[in-house]
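Here come two complexes built around chain A, the first alongside chain B, the second alongside chain C.
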Partner chain A sequence: MRPVLPLAVALLLAAASLGAWAQKTAADGIAEYRAMLADGNPADLFEAKGEGLWKQARGPKNASLEKCDLGKGPGVIKGAFVELPRYFADTQRVQDMESRLLTCMETLQGFNAAEIAKTAFGRGEQVNMTALTAYISAESRGMSFNLPNNTVQEKTMYEVGKRLFFARSGTHDFSCSSCHGEDSKRIRLQDLPNLTKNPGAGSGFGAWPAYRVSNGQMWSMQLRLNDCYRQQRFPYPLFGSDATIALGMYLGVNGKGGESIAPAIKR
Partner chain B sequence: MADPMRIRAQAAGGNATVRVLMAHEMETGQRKDAAGKIIPAWHITEVSATHNGKAVLTAEWGPAVAKNPFLQFNVKGAKAGDKISVNWKDNRGDSRTDEATVS
Partner chain C sequence: MQKIYAYAAAGACLFLSACASVPSSAELDKLTAAIIKASFRDEALVKVDRLTQDDANRECSAADVAGKPIDEALRASIEAANMKAIKWPSDGKFIGDWREGEKIAQSGRGLTWTDDATQGNGGNCYNCHKIDQKEISYGTLGPSLHNYGKLRGITDPNSATAKPIVEYTWGKIWNAKAYNACSNMPRAGHAGILNEAQVRHVVGLLLDPKSPVNQ
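Then we have the complex of A and B:
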């Protein structure tokens, strides 16, 4: 037995260092791949489309969205994205970018917000919604997240979001925190951000909307959260529902100070 | 009518680097929809680029090119202020031309 033991230890050490080496290069490889793709990010196309849609008179009232108040006054887009979700006095709700756009599309343009919310992602007005989110987020590119979070409503939403984040349920007894509650976790070869604190919360929340290369689709935060719930085998949350906004509030506040790189590019 | 392209052209060292993003579905004709029916092929078949009206690139494309394609090429002798125009045609007969100025 004697000579075998050192050999076994040596093998173990070799395996451990090989593992660490492989893990590092995989993460580096993905970073390199993203950097290569970022130069020609097709999110640019959606951004351009969204800009056109923002300025174009549409809907039953034949009006543009240029008077839409995203939290910084009517028509102000720059810096709006990094301060959402926030409380809006006119609707008496905490709203994220998508739900706020729904409000504007209904009040200014005369669209039926409930109808749009029911539309599947990638169909009808939802396509325009995604393009608009790409445009609005792009106008705040490079800015730091700074959600106001100072009203009772916002603080309540943050608490609700926190509880949803840690709530385990469903057939797999899963929660958001199962994947995103600790440092240095990964799924397959990709690192999972710890969304309970920075830098994970800022870089995770600040990367959506994003273009996904694997399926060639532009995804808004609403769709991203929807997919998180799908992966947990939960029922889909309603588009723009308070649950999704509460989660956005939790992630956004946790990401305070983080830089927004949206619309980003993803695998 | 197809969505616009994004063209960026930057002069460097007597040449210009042109980067083009095209908005196109690029269906291969190999995929099936939810009902099991084949989604018909729909992709760009021809790409051409001109520098101040003179053809500098022509390419034949097929279904192997990704959705929302990105194309990068260098144009010899192009300088700031020159016009770069890019055109694509697809197998449905649709086409799109966009122009950019070298900066």
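Then we have the complex of A and C:
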């Protein structure tokens, strides 16, 4: 993915002046810098691309995704994102946005979902997957998270997600909770949302997919979770795996009522 | 199908429509274990065996899920086992070069699947602690360590009076769970994140009166 050049220049200038600010204003400075960047969020470009992909006939079956059921009926996009993950009777699984898109890409378009899941982020169909998530999430911008969480399967996945959130392991004994279990904490200068409750859960979960200025990339929630696990020194979470969906369920339910700002812009 | 079978074997009913209510806590633990097993793979130097929890991680995770502190007797036995596992300096030298310690404290590298195993690991210290006050980019997950030695009255770390603090500092960095079973702090020496020489340098950073930490 190519960073937008004027933005990169703006970032350098902002970063340079950031160093000059005193420590007490660092957080304010970062907020100001984010607000400045949000004026031209490159996520717009991914949304537009995603919309095109949604409507375009593609894959071995030469079909579009316009009949894809994201939980609110075939083809309904508006409001779908703020109710995911949720249980789908046809697959008998709780699915998040990405794993549900894989189902639609396989059943409607004839793609091989397992192959796409195995493809590295930023390659092949994964690039299209990211654009689709930007488009679908943008259609719920400003709406409140309201995962149904009313079937046994969903409630079970929430409980599994809670256990995953607190699971300490790896060389560093880290869990998600090591960094995201308390209010008002930081890693270096980076503020950490408390993901066990609102407002942290809503604003943290509700920001992804997001455009990351630091590497000029659009990241889906699957990639966000993947990189958390990398930094936790855990092994590699499989794309669309039940562990990632259960965590999404835990975060999304905790964030109920929070406003979706996805696709957001991040440091 | 294989995955569904594995979950069913774990005693859970995630995929069985016959299941009318959320499984019991014990069944959820089993299901979580099965889902973890099916959801991760090896990548570069990071293998799935990292998901195997020792007593401290298993019991502290369970306490976190329950939202309660760990049982007192369990806490004591976990701390005793971790205390016993501390490796004290082989040459009796506790204090290394604080300049090297500062570099180790600054570095967050090591042990992720994108790290190069030949590059050596950092201590990640500034991610969570204020240390040298000149470094304004510090985290707040752990307490401030600025003036760590000075506040504890350490003027000569090699003196007999300094010994308890010096040993505690080594022990805490080597294995934080020896002093607090459910500490959020990694066990730098115990887990092989830092080697003995690196731990010695970090102890020096905290306790050497000449270290900027104590200025």
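Assume the second predicted complex is superposed on the first by the 243 of 267 C-alpha atoms of A that agree within 3 Å, B and C clash if a C-alpha of one lies under 4 Å from a C-alpha of the other, contacts with A are read in each partner's own complex, and residues count from 1 in each chain.
Heads up, the rule we're going with is that contacts are C-beta pairs under 8 Å (C-beta built on N, C-alpha and C of every residue); 3 or more make two chains touch, one makes a residue touch a chain.
Quick caveat, the model's predicted, so the values are computed rather than measured.
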Should the pairing of chain B and chain C on chain A count as a clash or a fit in the superposition? fit
Quick one: is A:A35 in contact with chain B, with chain C, with both, or with neither? Answer first, second, both or neither. neither
Looking at the overlay, does A:V76 come into contact with chain B only (first), chain C only (second), both, or neither? neither
Quick check on the superposed pair: does A:A57 touch chain B, chain C, both, or neither? Answer first, second, both or neither. neither
Just checking: does A:A48 make contact with chain B only, chain C only, both, or neither of them? Give me first, second, both or neither. first
As a test of reading the superposition: which chain, chain B or chain C, is in touch with more residues of chain A? C
Three-chain overlay, closest Cα atoms of chain B and chain C, distance in Å: 11
Which chain A residues contact chain B in one complex and chain C in the other? none
For the chain A and chain B complex, residues of the former touching the latter: 39-42, 44-45, 48-49, 211, 216
Sites on chain B touched by chain A in the complex: 3-4, 6, 19, 21, 23, 66-68, 70, 72
Can you check the complex and tell me which residues of chain C touch chain A? 3, 12-15, 17, 19-23, 28-29, 31-32, 35-36, 38-43, 46-48, 50-53, 56-57, 60-61, 64-65, 111-114, 124, 126-128, 136-141, 177, 184, 186-187, 191-193
Under the definition above, what is the set of chain A residues touching chain C in their complex? 23, 26, 92-93, 152-153, 155-157, 159-160, 162-164, 166-175, 177-179, 181-182, 184-189, 192, 230-231, 233-238, 241-244, 246
